[in-house]
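One structure below.
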Amino acid sequence: MTNSIAELEGADVLLVTGSNTTETHPQIGRNIITAVDHGAKLIVIDPRKTDIAKEAHIHLALRPGTDIALINAMMRIILDENLADDLFISMRTENFIALRDYLHRLDLDELATITGINRTTIHEAACLYARSSKSVICYCLGVTQHTCGTDNVQAVANLAMLTGNVEKKHSGVDPLRGQNNVQGACDMAALPAVLSGYQNLADIDVRNRFLAVWGREVPKAPGLSLTEMTHAGINGTIKAMFIMGENPVLSDPHLNRVENTLKHLPFLAVSDIFLTETAKLAHVVFPAASFAEKSGTVTNSERRVQLCHQAIPPIRNCKPDSEIIMQLGRRLNCPGMDFDTEAEIMEEISLLTPIYGGMHYDRLAKNWGLQWPCWNRDHPGTKFLHKYYFARGKGCFTITEHQEPYENPEKKYPFTLVTGRGSYHHYHTATMTRKSRRLLREYPEALLEINKEDSDKLNLRDGETVELASRRGTVHIKTKITDRVQPGTVFSSFHFFEVPINLLTLDAMDPKSKCPELKICSVNLRKVKHD
Amino acid sequence: MNNNFIPSPAKICEIIHENEQISTFRLKLINTSIPFSFLPGQFLMLSVPHCGEAAISISSSPTALPIIDLSIRKAGTLTNAMHMMKAGNQVGIRGPYGNPFPMKNFVNRDLLFVAGGIGLAPLKSVIDYCLFHSNSVHDAAQSITLLYGSRSPSDIAFQSVTSNWQEQGVNCRLTVDEADTDWQGNVGLVTDLLPRHNVTDNTTALVCGPPVMIRFIIAQLSAMGCQDEAIFTTLERHMKCGVGTCGHCHLDGKMVCMDGPVFSLSQLKTMDVMELAQ
Amino acid sequence: MPDIMTICNYCGCGCGVYLRVEQNRVVGSYPSKNHPISRGNLCSKGWHLHEFIHSAERLTEPLLRKDGELRPVSWDEALDYTASALTETKEKFGTNAIGVLASAKCTNEENYLLQKLTRIGLGTNNIDHCARL
Amino acid sequence: MIDLKELILSKDNLIPLLRKLKKDARLIAPIKNEYGDTLFSEIDDIDAMKIDLHNQPQASLKPFFLPQQETLAGYTVNNGEYSFTPPDKAQDTIFFGVRSCDLTALLYMDLIFSKPSKDATYYDRRNHSLIITLGCNQPFANCFCEATGSGPYLEYGYGLQFIDLGDRYFVSAGRGKGADLLKKWAYFFREVNEEDQKKRYQLFLEARGQFTRNIQVAHACQKLQEEAVPEEIWETLSRRCYDCGGCAYVCPTCTCYSIDDMAQGTNHGIRVRSWDACTSSGFTRMAGGHNPTDRSRYALKRRFLHKLKHDYAHHGKPSCTGCGRCVDICFGGVDITTFIDLLTTQKTT
């Protein structure tokens, strides 16, 4: 997030896109609701009528996968209505003319048709967003998990820059991070093409710095992404894997391929707290300590690095992952695998990672941590990003063009399946939430949301089991008739291993971010005779 | 102070397979010195190892003590685990809890039992109790009629029990929603059977089954002139404690586990219950 | 023992949560009122955060596949086996035949260590995590 | 002979008195911790820990008497034999600095857990407890105990009640343990004079005038006895309930709980009681999936009616104690005060 979570409460207009905020980020949802109760206007872009969409002043229920068309239309309207922030554009951005000319070539009626939303509503939303100087955009995986995910994000950025709604308090572009430490794992360069703090892998100064501290040269060639590693199949280049605390067999798209890849690996080691579907395929499984059994830091959506304190010793024969990694490292003769404390590890991180430069444990212990960038010991941390300049200098407008989803409904697969998290009570592959009796009680099984119009056509009762099929696989799932989804669209979560919904999803990726199009694919559904 | 939540171990002496979904578990307390008595309509909190507890109504008559029958349908984790148990295994029970049927009110009455599926379990306790007392001048009912609906012939539970009752003079009418080729009896819902029976001032009706069935039967009985005070049902709710504190069975100011589970229609009418909802 | 402050293990909001500990068991979790995110309340997942910690399904021993089945072994055996398997892969197929997945559920320190190990211990940039999922 | 019902304690003598009390029992008081949160905590070192009587303790006493998760019994299964063992016994505990609303809530819980027979673990803890309250001279931001009849001072229920008169406390003793305590440590106290009485009365009157929130609790209770709540109110509120359970968990009088078994291995485990929330959909769902409650419309109905309608009918007063803890924490902004406001400002149709 470029803003702090608390800033959302002070915004005048909130545009939430591709995020079921009240369910997936309850505290951020709480800020949005508070803002609404204090008079802010809320625009929600989501094909589903989620709980947050029900609170929206304008709900843009677009056809899945048409975000770019919608945002382009909004930008065109903003230009037509003279609502663009010309001063901001000239001072802080570049490449505006190209975008402007492109937008002027677009036909608004055509864009409206693509999105399935009428022109007046789009017009209303565009003006609402552009007229306020305290407009903030929150987006989540509903924007990124598409073959055009990077362009979706760029389109959102274009919209914000066009109206000057960045670089300020209460106004910016906020991607909401799914897991408690997604932000931190990225910051720490658990990524194939950067070094910690997003430093360039190829930069010779950076490389020398790492060489000095690590005592060994960092490999030059960027590595493979998760999807490239787990989808290579039997004959992939990867022959051995170590997986720490992830469950790609359930979370990744096109599961058959993931399982097939992992099953045929000559060697797979997994470290986890439970015997996950992935761990079951491993040759070696390490019992890891849970969050309560170790200390360390995590970084939340608003870039806040916070300390976690150990509450109890590791249970039975478990060990913290840091211990496992260091013991393994020493056996592999890897230098610098002999830290005594987490604080000592953080000292090395601070040394090598400019944005974490001032993150020392004694400072983190106070004031609920620090928000990066925090350049040095005296730096107070950063509440909102892009305060004086975009990370790369001026903000660059990039033209984004609508492209149809990888799969569109057709005769054999007439429905669009949208996936996501399905409830307040579960989390990702539910490895942890299912172990809580209470959370399991609240949402005990996978459900397929379907509109009444469709269920009537198929003669389905609420709670009846259907066979859901895509080109890649088939699952059986119980239906839930609801007006949360539009006719022609069905929705399911991926929490339950009994209904591995990702057997159906696509692994077609965004060529730039390598993010798979998990959100939408085409499916067919069929009544199942007596179970 | 006794710990209200510690169950007494009981042994499964016998398991009677009623149908694919329902079995009757015949239990005996391990410690026979624990005083235990109950009346028809009351229920127990049953513990199955590692599964926690569930409220189960007693399907045998108190006159059969020290035998305690629990007839259980596979519905969730605990009941499925119960069905995996073998004779000789131990479970835990605590109770009895809840208000019983007002047995005294049934003396000299024409009792009409209407049950669907597993709903016969608590009524079975009443019928056995009445039959036990059928020779007593002071305690006997005037007549006993049972209308019992099942989904299909293979779903009929308590088959030997009902034929036994028939022999003892109970007028048993069975019906199934869907017949198979061998079925000779009634086809249709219990609600179709009911109008063929006489309801008089002397009729007391006891109804138990799925909420939808209860709703329709109660409406029919009222239409046929049955008094609100002479219609009884027993409500099923999710329960955790049995003693009125956990809150799960709270119903419009009442606790089903304490104020019920047996309610007369006149009581139900003062409450906001789905069994009566339109 | 005073209750321990930690950060919720679920979503990216990062709530401040106290864990209540009794006899080395975590028996409760509740929000910090003063924490800028949690502000006195948690979501359903947060309020039940402690419940999976002592699950009977937790892995408690290192496991090694022998004759097709995962069997409990010592830490040394599991770690030695892993180290030699990775070394062997490196020798046979090159460093880029090894892939590593880090975790968005683990700490910064753990992720840092793992990418360090991957880059200079195993000699590859094949490291990623589920940021996109 | 001095009257042991009401005495004056100089503030200088507070710590010395507490130090004595701590010798015979566990002492629990509101402590401001290093994170700035004020929590009821056990005092190990009375000189090092900062007793905070200026902020409302974040949680009520509920966690001490009905813990978030407690062991009701241990169980073992050996060769088909199934046996249970009772939990550990409670220890003597003195609670200091308890606010009127929280003691009122405890008295309500006493009632709930006394029928049909006394709840063993609850009453074990309760019988081993002594409560020293502190009357509120200054209500906190969200407080409305005046409207619920549970503050700012109390008439009964406490072991001892302290009222802050500036440099001294006006101490009133309840029956039993509280009076015994005063007798035992009489030398810390002096007699009450007329000036003390006057000041106490004056402060009480002032305190009542300082509530910032005007919540029409009595009006709402009355109205609920007389008429049904309009459907649209339930729907408006329920749409905004995001199922966190927070209101029930922080509420000092929400006593709903669940009982579950937690396996600890193949042949043993524990039976635990844990907080539950009637606002959640699984609360009433039966095995097999049938649910008599429609959460989308009535998520909050049970909770609000229980507090303001049913308990009012049964006990003559609502079971909301006006502590205000649920007020700022609701994710959807639909706490009990929102309901009362909606209900009492709504025109009768």
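The chains carry the letters A, B, C and D, assigned in the order they are written, with residues numbered from 1 in each.
Keep in mind that, in the parts below, contacts are C-beta pairs under 8 Å (C-beta built on N, C-alpha and C of every residue); 3 or more make two chains touch, one makes a residue touch a chain.
Since the model is a prediction, treat every value here as computed from it, not as a measurement.
More C-beta pairs touch across one of B-D and A-D than the other; that pair is B-D. Our note on geometry: subunit A versus subunit D, Cα centroid distance of 41 Å, whole angstroms. Averaging C-alpha coordinates per chain places the centre of subunit B 50 Å away from that of subunit C.
Work out the mean CA point of subunit A and of subunit B, and you get 52 Å between them. Of all residues in subunit B, none touches two or more other chains.
Counting partners per residue, subunit D has 35, 242-244, 258, 260, 262-263, 269, 276, 280, 285, 331 as the residues that reach two or more other chains.
Shared interface positions of subunit C, i.e. residues touching 2 or more other chains, are given as 5, 16, 35, 39, 41, 43-44, 50, 54-55.
Working note: touching chain pairs come out as A-C, A-D, B-D, C-D. By the touch criterion given at the top, residues 72-73, 75, 77, 80-84, 86-87, 112-113, 115-121, 123-124, 255-261, 263, 269, 271, 273, 276, 278, 283-288, 290, 292, 302, 305-306, 309-310, 313-314 of subunit D touch subunit B in their complex.
On the side of subunit C, the complex with subunit A involves touching residues 4-16, 19, 21, 24-26, 35-39, 41, 43-45, 48, 50-55, 57-65, 70, 75, 78-83, 85-87, 89, 92-93, 95-117, 119-133. Within the complex formed with subunit D, the subunit C residues making contact are 2-3, 5, 16, 18, 20, 27-35, 39-44, 46-47, 50, 54-56. Contact residues of subunit D toward subunit A in the complex are 35, 239-240, 242-244, 258, 260, 262, 274, 276, 280-282, 285, 289, 331-333.
Contacts from subunit A toward subunit D in the complex involve residues 22-23, 26-27, 29-30, 33-34, 37, 51, 54-55, 368, 424-425, 437-438, 441-444, 463.
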